[in-house]
Structure formats: C-alpha cells, structure tokens
Amino acid sequence: MAKLKWGMIGGGEGSQIGPAHRLGAQADGLFEFTAGALDHRADVGREYARRLGVPADRAYGDWQEMLAGERTRDDRVDLVTVATPNSTHFEITKAFLEAGFNVLCEKPMTMQVDEGEEIVRIAEATGKICAVNYCYSAYPMVRQARAMVAAGEIGKVRLVVTNFSHGHHGDATDADNPRVRWRYDPAMAGVSGQFADCGIHALHMASFICGDAVEKLSADFASTIASRELEDDAMVNFRMARGTVGRLWTSSVAIGRQHGFDIQVFGETGGLRWHSEQPNQLIYTPVGGRTQIIEKGEGGLHEDAQRMSRVSIAHPEGFPLAVANIYCDLADAIRGQVRDGLPDASDGLRSMAAVHAAVASAKADGAWVDARPPMFR
Amino acid sequence: MAKLKWGMIGGGEGSQIGPAHRLGAQADGLFEFTAGALDHRADVGREYARRLGVPADRAYGDWQEMLAGERTRDDRVDLVTVATPNSTHFEITKAFLEAGFNVLCEKPMTMQVDEGEEIVRIAEATGKICAVNYCYSAYPMVRQARAMVAAGEIGKVRLVVTNFSHGHHGDATDADNPRVRWRYDPAMAGVSGQFADCGIHALHMASFICGDAVEKLSADFASTIASRELEDDAMVNFRMARGTVGRLWTSSVAIGRQHGFDIQVFGETGGLRWHSEQPNQLIYTPVGGRTQIIEKGEGGLHEDAQRMSRVSIAHPEGFPLAVANIYCDLADAIRGQVRDGLPDASDGLRSMAAVHAAVASAKADGAWVDARPPMFR
Amino acid sequence: MAKLKWGMIGGGEGSQIGPAHRLGAQADGLFEFTAGALDHRADVGREYARRLGVPADRAYGDWQEMLAGERTRDDRVDLVTVATPNSTHFEITKAFLEAGFNVLCEKPMTMQVDEGEEIVRIAEATGKICAVNYCYSAYPMVRQARAMVAAGEIGKVRLVVTNFSHGHHGDATDADNPRVRWRYDPAMAGVSGQFADCGIHALHMASFICGDAVEKLSADFASTIASRELEDDAMVNFRMARGTVGRLWTSSVAIGRQHGFDIQVFGETGGLRWHSEQPNQLIYTPVGGRTQIIEKGEGGLHEDAQRMSRVSIAHPEGFPLAVANIYCDLADAIRGQVRDGLPDASDGLRSMAAVHAAVASAKADGAWVDARPPMFR
Amino acid sequence: MAKLKWGMIGGGEGSQIGPAHRLGAQADGLFEFTAGALDHRADVGREYARRLGVPADRAYGDWQEMLAGERTRDDRVDLVTVATPNSTHFEITKAFLEAGFNVLCEKPMTMQVDEGEEIVRIAEATGKICAVNYCYSAYPMVRQARAMVAAGEIGKVRLVVTNFSHGHHGDATDADNPRVRWRYDPAMAGVSGQFADCGIHALHMASFICGDAVEKLSADFASTIASRELEDDAMVNFRMARGTVGRLWTSSVAIGRQHGFDIQVFGETGGLRWHSEQPNQLIYTPVGGRTQIIEKGEGGLHEDAQRMSRVSIAHPEGFPLAVANIYCDLADAIRGQVRDGLPDASDGLRSMAAVHAAVASAKADGAWVDARPPMFR
C-alpha cells in the first residue's frame, strides 16, 4: 500500500511540537513527508525541510507558496498539518480546507468563536477532514476509559475532575524570556493564557471520555506573577449536558509538577483515573470493590484501546505514539474509514467557546456563563 | 514524671474516632485514661469505660454526670476530650471550659459562627486550653512544610491547592444507611455535608502550612446523589490575607480514592507536596531544580518535624501517632510549655465561618463571600 | 480490666528501638510501664525510667538487680522486654524465663544456635512465653497475606522474593562511627553483619507468610567497604520444606533506599506484593487477572488483618502500631488466649540457624547448606 | 538528506518484535522500508511486506532469496534487521555480514559461544556494523545513568542489582500454549529459558551502565512449573572486572509483575535507580543527601540523554522510541559517525558466554564460573 503524502506548515527547527508531528506521521509508515513550509524565515524553512528529506521543489518558503504549489499538482499532499503560531491557525486552515486539502490543525484551532464556527461550516461544505490535535485523547488507555463510560461500566457519570498543571513558567526571573512571555501577552496569546494553552486539553478530554458536552462554566483566574496580563492559574467549574459536575484546575506555576495532566471520572457504579505521566495504566475502582490496574495491552480491552497500542503489555508507549494514533486515524479517514473519536473542527470550536466563556466568567467574579458555541445552542 | 489524667466524652465502642483518641492519649505514656462518659446509653458507656481501665467511680453515664463528678474532685482530670456527635460539641466544650477544664474538641468545634466566637471568648477568659483536633497538622512532614514556608524556603506563597476526596459515600444503594445518611441531613449535620466534614481539614491545613488566614471564598456545591439535601462534592476557591490563591476540592463520591487528602503549596522559589496516604514524605522542588524527597527522620529537618517523629527514618508513622502528637503538645501546654501550632478555638471558629461562607456562596451561584469570623475582621 | 505490668531492659535514652517498645506496650492501654533497667549506666537508667513514669523502687540499675527485685514481688511484672545489645539477649532471656517471667526478646534472640535451642527448651519446660520481636509480621496486611496463602488464594507457593536493603551504612567516611562500626565487627556483632541485622527479618517474613520453613540455603556475602570484616551486602537463595524457591537480598549500602523491606510471593494462581514503606496496602494479582490493591480496613479481610487494625480504611498505621500488635497478642497470651502467629523462640532459633548456615555457605563459595536447627531436623 | 534503505528478515504479521523494529526504523524518517523477507511462509511474507509498502520486487520469500536479490543491486539496502527465531540468528547474521551488509540482530545474537566469537571476527574483518538490539540501553535516562557513572558522579560502583521479572508465563494451564512452551524447550530455546530470554537484557544493562564487564557468576535456576525442562526463574550473582558485586533476578512466573525490568546501581558516593515501566525518570541519591528525581528533558542532562529524547520534559517516550534510538545511532554509524554505546557483536557474544556460564553454574549447584568469552579472557 503506497504511503500517503504529507505536508507540514510550521514546526521548524527547535520547535516543540514539530518533532511530535514528524514522529506521529512517519512512525507507522503511513505518510511520506512530501512538502513543507517549516519556518517564517523562508530560506531557513526550505533548508530544514530538505534536510528532513522533503524534495527540494516542495520545500516552500511560506504557506501561501505551499498552497499555490500544491493545489495545482496532481500528486498534491493528502494531508496538511498546521503547526504555526496560534494566531495564524484560522487563516491557514481555512485556506487549505477551501482549496480542498485535508487538514490537521494544532490547537487552538482559532482565536475567536466565530472563526471556529466558520471552520466548522467550511469543513462541512467541502467534505474535507479538519482534525484538531487533541492528541492526549489518542492514548490507548484514554480510549479504554471512554469506551468503558460508553458501555456503562461506571454507570451514569456524576463527576469529572481534571488537572493540567505544570510549573515550567513559575520562575519570575524567567518571565521575560520570549519563549514564556508571549503566552501571557494578549497581543500574541489572545484572551487567555494558561487556560487556552493547557486547560482546553483537559476540558476536551473531559468531554471526550464522558461522551458529553460542556454547557456552562464558572471560572477563577489568577496571574500569580505580577507582570502577566493573562492568567497563569485557573480553576473552572462546569456542568455538562447530562448533568455531570466538572472541575478543572490548570496552572503553569505549580513548581515541581512536570506534566501534571490527569483526569478522574466518577460514576454511579465506579471510578476511573488516568495520569499522563504514566499513560499506559488506567486505574479503575468498581463501587464497593477493590481498585484495579488496567494495563495497556492486557486481554479484553475495548477495541479502540487495542487498536491504538503497538507493542505488548507493559512496554510503555508515550506521547509521540499518541500523536501517531491521530495520524493513523487520519490515514484511515483519508482512505474512507472514518474512526469514531478523531477530534475535529467541532471540538476546536467548543474549546474556543469555552475559553471565551471562561474569560467572561472570570471577569464577572465567577458568574456562570454559557460555554456552548452559538451554533450548538 | 506522673502521668496526666485524661477523660473522654463520646468515642464509645464501635466509634470511628474513639480509638484514635485513646491511642493518641496513651501511646507516649503521658496520659492516664481516668474518666469517661463514652456512650449516650449510660450503662453501655460505663461498662465500656471500665473495660478500658477507667476506675468504676469515674465511668460516667453522661457528660453532665462527668462534669458534676470531676469538678469537685481534687484530682480532677487534666484534659477532657469531646468526641460526641457534632451538634453537641459547643455545649459540652463550653460547659467544661467554664468549669475550668482543658478541652480537646473534635471538629467541628461548633455548628454556628457565633457559638465559635463564644468559645474563643470563654477560652480567653478562663485561660484554659481549648484545642481542636485538626490532627493532620501534627504529622511531622506537615510541620516540616509549615516550617519551610515560614523560613522562606519556597518564597512568598502564590498558590495552595488541596483536596480531601474519598469515595466512601459514593454508593447510592447505601445512601440510606444511617452511618452515611446523617452527614447529608441538615437536621443532624447542619448547613453543610462534605465540606464541613472533610473540607475544613483541608482548609485548616492550607492556613496552617501557609501561616495565613482565609479571607474570602467562592464555592460550587453539588449533591450528586439525588436524595441528599446537603452537598457530597464541593469546590471552593479562596484568597488568603497575603494574597495567596487557594483551590480546595472535597468529595465523598470519588469512588476509588481511599483517603485522598493532599496539599500542594507553590511559592515564588519552590513547591511542596504532601499526601496523607504516604505521610512520611514531603516532596519539594526548588524552582529550576530537581524534585527532592524529604523523609521523616532524615537529618536537618526543622525542629517541629524532628520533635513529632518517634522512630527512625523510613519506619512509617501513621494517623494515630499524628493524633498522639496533638496529645504531646497538650501535655506540654498543660505543664506550661505552649507549643506553636497546636490548633485552638480560633481555628475551630475560622472553620465554622468558612463553612457558613461557603454555603452562602454556593447558594449565590459562587459569589465571593467574606470567610472571616466577624470578630477577626 | 486492669493493665498488665510491663518491664523493659535496655532501650535507654537515645536508643533506636526503645521508643517503639514503649509505644507498642502503651498505645492500646494494655500495659503499665512498671519496671525498667534501661541503661548500662545504672544511674542514667534509673533516672530515665523515673522520668518515663516508672516507680522509683522499680527503676533498676541493671538487669540482675531487676531480676532480683521483681522475682520476689507478689506484683511482679507480667512481661519483660529485652532490648539490650545483641550479645546479651541469650543470658538475660534465659535468666528471666527460668525465673518464671514472660519475655519479649529483641532479635537476634541469641548469637549461637545451641543457645537458641536452649531457650526453646527452657520456654517449653517453664511454660512461659518467649516471644521474639519480628514485628513486621504484625502489620495487618502482612497478616492478610499470610491468611490468603493459608486459604489457598494464590495456590501452592512457587517462589518468594524478599529484600531488606537500605543505604544508611553506605558512607565510607562514616564507617568508623561507633553506631555503625559495631555491626561489622565480629567482636560485637557475631558471625554476620547485615544478614543478621536485617536479613533475618526478611527470612522470617518469608516463612511467616508462606507458613513454611527454610530448609537449605546458598549465600553470597560482600563487604563493599574495605574496612569491614563482616558483610554489608548479602544474597541468599533458599528452599523451603514444601519446595518453594526463595531469594533474599539484603544490603546496608544501597544508597537511596530508605527502608527497602519488601516481599513478593508467587503461587500457582496468584501473586502478592507488600512493601514496608507503604504498609497499609497489599498488592494482589490473580493469575490471568488484573492487579488489585487490597487496603487495610476494607471489608472482607481475613480475621487477623481486621483485628490488627485500629483506625478506618486509608488512615495509615505505621511501624509503632505493628509493634503494638505484638504487645496486644502478648497481652492476650498472658491472659490465656494464645494467638496464632506470635513469633516465638522457635522463630528466633531458626533465624540463628539460618545466619550460621549463610555464613558457612558464603565461606564455601555459595555451597548449599542445611539451614535448619539440629533440633528441628 | 535521502533516507537510508532498510530491510527486515522475520517480524511477520502478529510477531511481537516486528512492530517495534518498523516503528524504530521509520519514526525519525531516517530509513525507508525497502526490502523484507518477513515470514517463513514465503507467500505470506511477500504479501505482508507489500502491504507495508515494500516494493514488490524486494518482497522476498526467504532470507536466502533476499540475500541473493540484494547483494547484486547497486541500491542494496543499507541495513538488514534480523528478527527471526533465535536459532537462526547466527546463520543469517553471518551470511549478510559476509556479503557486506550492515546488520542489526535481535538478541540472542547466537546460540553458542563459538558462534558469537565467529560473528565478532567477521564483523571486524568486514568492517561492517553488527549491532545487537539491547534496546533498553537506548532509553534516554539509561544513557544518563551511564554517563553519570562514567563521570564519577556516584563514585566507584560497589554494587549493581537488577531484575527482569514478569508473570506472563505463570499460568500452568497455559504452559502448553506453543507461544509459551518453546521458550522452555531446549530443542527450540537452547540451553536456557528465562535467563537467556530476559536475564541477558538485565546483564547487558548492568555492564552498560557500569561501563564494566562481567567476569564470573554463580547461578541458581528453578523450573517452577514441572513440565518445563528449562528454567523459568533464575538468580545470578556476579562480579565485574573492577570488583563490582552484581545481583540479577529474572523470572517469568512472577504473577502480577508486568514488565519488571529495573536496575539499581550503588556507588561510593551515590545511588541510582531506573525502572522500565517509568522510563522517563532516573532516581538519584547522593550519599548523605536527599533522593532526587531526574526527568528526561530537564536542563543539564548528559549529552547522550539529551540526544536520545525527542519531545519536551515529562511528555513520556516509551519502548518504541528506545528502539528508534538504536536506529538513529545506526544511521549515524552507516554515515560514518559511530556513536559510543551502540550495542554490538561483542555484547552479543558476552551475553552468550554468560548464558552458558550460568547454565554450567546452575548444574554445579551454584559453583562460580568464568563468564567471559574465551577470546576476551
């Protein structure tokens, strides 16, 4: 089976997310790295793309050039990954979708809610795939959790509690480092800092595992380092459509937490816990029973959890392979087999609606605010 | 050195907290179990007290009888522990204080804020000790955390995050079990369920470690089991006097969490974590440095942490010995050496003010409410 | 019920094990600290005993004085704990047993195998209790493990693997510290260093949980710090009477391990794991099934595990309360209810036979040696 | 930069190790899957290779056909991976090396010591790369451990303790399953079962991290399931050239352990611990100091540890990316930059010598046996 052709915009040398996409696209041998516009400095980007094996004529200087170059080819790329600075996601994703390309967009998909709605409409109109990289949802044991909830194995979900808290921006003496500062500057990051950066991963996962949508929320934001305009710590309480109570804490000043993304889901007949630092295990407790450790690769897992694991039990699979799972599902989708669970434009839109709702709530002292995008109300 | 004489009210056979107090009072050989009114059934209580070694003439039928019996003796008990149902704590504590006894009261000290203020005034007026059993604060590594904060070892505290969440009331089919039901019935539990039961331990510890007081809060309460009038899950955001941001989650429906009491304290130059299920370790991360495991019993701990440990490093000391540490400090206090950190009536009062503030906030959709007792504003 | 009268020999101020015995004897209110000869310096010991509440006339200058003083009293102590330097255990234990006292002896019970056999015979002849403080066996979850094995819940035991490895003697610059040095000096420690000090706890626990006896062993000893005559690291392979394969590693130079005592038991239909640093949990995996966490205090535990726990689930109970469980069983035994599982002189003897066998094996390059005491062959 | 051309022998559909090699070779975009003889059933293997994207004319029916086909091409594959049944590794590796191919051989490289010596000589003579897939050595934090030891950060190494124990062959009712049985059948597995299968990974890692070679060993083997001719549990004590004491336990009947590969290294001034189930952390304790958690991706790691990590701190990287690190080093080596630490034929040879030594020792009741290959004595 011939490989699919893949192109990336952004993700240049030294970027944090670029390697994850290249590993994700290539690990399973499903995509050939065929085109790229990897850097805002045209020459640098072209040279880096060539170094990574992209043919010289498809190593582009910017996304506009790539769009122009690829749209006219018979062998155009099957998938474009957008991994540029956040504020450009909307424009690029829109342009490629409209030109008939399938797109995987990094989060956040857009900066504004109406932009998000526009992307949703364009994706529908063109019939093209518009996926958003909520890659944590593609860990095998996250899929197991989702499938267990869907199968009623913990009963109706009462409560979901999730945290995405790290301490990597906790050093005030490093706050002016440009790699840190932009995240708290509205000119670059938009209306929200830490919640938009990490919180929406946690919020997406709550919806993803529960199979439910956030309806309303109440937020408490704090900028614990005085020079920051945007929040570096946030607590968001929420309610989902089926009544589930939600609690989400996110922080970038939690010194000592490395990658503190975890989720706990409590239903009428059981509880589940998952932690991104030990992603190959899912902790399950049936009501009145003992806590059990469910291992990636054990017998009898739900289908999605099996499909998304490559090596045998207790051989850990990590973050890059979760990204690879997104690419596996994209390859299937491009070939016509759409997999349930691939995060798409509606997820990207819901996140943006939640970000704006949280900002509004935080400004209103925690007043409860509708978190749904207008088009989904 | 002769032992001090100790009496207990409540804590009868089969009670949960009674054994902890008996172990706590006796473990270090500081108190002799001298008097007791252990059960609301007079005969049962007398018989049980005698079985536990209390002299027959000081095995009382009820607290009034014990008060009458003890107040006239020359060898009256040096300390009375009040471990009766919550709604009686105020009345009994007040009576014994006024009669000149030192009291250790189980939490909550009172049901009402004004009652709490009254106890504070009586304790001041009589000069007697009125301690409240926030026993988690007497774990050696909690003391180490407090001392590190006080010494500036993590800088100004920006953020404190604490949880006290278990799942032992998560079974709806067991919700009518009287041992569970009363906690969610206002007639017995007062204005709050889970927050008043467990949340105030976490809130006390936040104040204790930070050396700071809660000023205002915003609460989101949920009764996830429909038959419950009071909350079984609560999220409380708060702010402390020195500006620290606080986040507190407490739940009794978090199925699979056994004793999920933990606290994280994040300052300008470091972070600390402590978990009650592994109480002999404190996790410390200096900003920009590696996470370190501080062990109970290691060299160089702060004085309080050393004093409150009995056996050598890595020999675990658990909950009963934390209670015993409270009794050690009480013995010192009775003999005139008042130890910093012994939780007292002002702590009991602050808790009750916070409970009422949280209830008011939850009813007002999370509005921010002053959490200070009137007398401390 | 009147308290039993308890006396201690050794365990003076600053000793490591003294506090554990005092807590153990007093925590449950079963024993009154009535007599003591606590220090080899007579005056120091008397003064310390009085400070701890021992009546002045029973604060003795040495064990001979205590023996003379107590044997003639009508109200003689019900139990004597021997916590003196190892080389004196035999002599003191023998003397008190022969005088009709019940004894709890610290390990090692003797230095020689024939001495051990003599103690066993004397205990039998006098009918007095001679217990040995293998206190780890009195943790509730160790009892649960033993009961599960006895009930066949993991099938025939194939394999037991246990470690007792710490790093507290790993600093060569501290090797001449008298508190460390004596353990590796044959003049004070006897034929074995680390194996006799810690290894025999692990070996006892293997026998205890499996309900089986060690038959033969092969040892590899190392003195990793050159100045040490005795071993600071040892590996012992063994076989038990019913064919179980055993593996035991013990070390005092394992820098970074604090209290690394753990045991794993693998049977035909399941496996168990327990770790002394988290003693309130037992990890159980049925063959072909998921790993489960068994919690101290959960419903349905075996009787011994229930009896030996004082406070509710997930409130940790630590080392001092394991020692207290030994004293609880001693109180019962003194009153005529002998509990299965109380470690006695035969355990002390088996340990000493194993120590001498291990030394012989290590000297013979790991040759397999009979580990049974002659009287049990 | 053009991709290198890669071929694989074995690793057919459903094999355990095949996916790890494909992920490893492709993840970083360094190798193109160009040729393969994947299955002992020629048609099945050809079809599977084509499905995986191998050109039809290089999808071979067996290794002989592949050797014949590739050796005459100008664009012959740059690297051949040998992932066939163990007993064929020698023959295939020899043939490809002699034909001038670079080879990555699965472990064990050979079944006999003299075969191993032959491979070493051929590799030297041809100047071709002969790597052996001790892939655990390519985890970033294993490299960090090795570099710390080399830099003297824990002083002279006194002791190394390693385990590779799982329970996946612990079910006697599954012992006749062909996927399990062959490992304990000398006709297929050779002289050793579990030690040759898993133990040699642990033994390699001990040498790898310590930068030292095993000199002699003493083994205790057990077949805990009666029908097994070869051992399913083994303990091996060893000594290294610089005097380090070694202890290695390996088991396949340790029910409940999933992937229990861990290593502890204790030196004069510090200790290190690493566990394959949490491979992104290295636990370090300086003598007299606190235990520290070293995280993959943190600042200041040794060069190899940095180079072998792809995504930022606390984003876990797992087993497939450790294999990918082997392929990265192979790509560098093929292009002329030989990396220190790539496991090669001498490692494969040393393992086989250790296996035969352990078997001999076990048969001689644990007698100490020279574990070095004759050519390295």
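Should a chain be cited, it is by its letter among A, B, C and D, assigned in written order, with residues numbered from 1 in that chain.
Keep in mind that, in the parts below, contacts are C-beta pairs under 8 Å (C-beta built on N, C-alpha and C of every residue); 3 or more make two chains touch, one makes a residue touch a chain.
Chain identities (UniProt): A, B, C, D = Predicted dehydrogenase.
A quick note: this is a predicted structure, and the numbers were derived from the prediction, not measured.
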item	value
Lowest number of touching-chain links that must be crossed from chain B to chain C	1
Distance-maximising chain from chain B - centres being C-alpha averages	D
Distance between chain centroids, defined by C-alpha means - chain C, chain D (Å)	42
Chain centre separation (chain A, chain D; CA means) in Å	35
Whole-Å separation of chain centres (CA-atom averages), chain B against chain D	54
Residues of chain D touching at least two other chains	288, 291, 295
Residues of chain D defined as touching chain A within the complex	1-3, 16, 19-20, 22-23, 26-29, 33, 50-53, 166, 168, 258-259, 276-280, 295, 310-321
Touching residues on chain C, where the partner in the complex is chain A	290-295, 298
In the complex with chain C, residue positions of chain D that touch it	154, 158-159, 161, 165, 167, 170-172, 218, 220, 222, 224-225, 233, 235, 237, 245, 247, 249, 251, 253-257, 264, 266-268, 270-273, 283-288, 291, 365-368
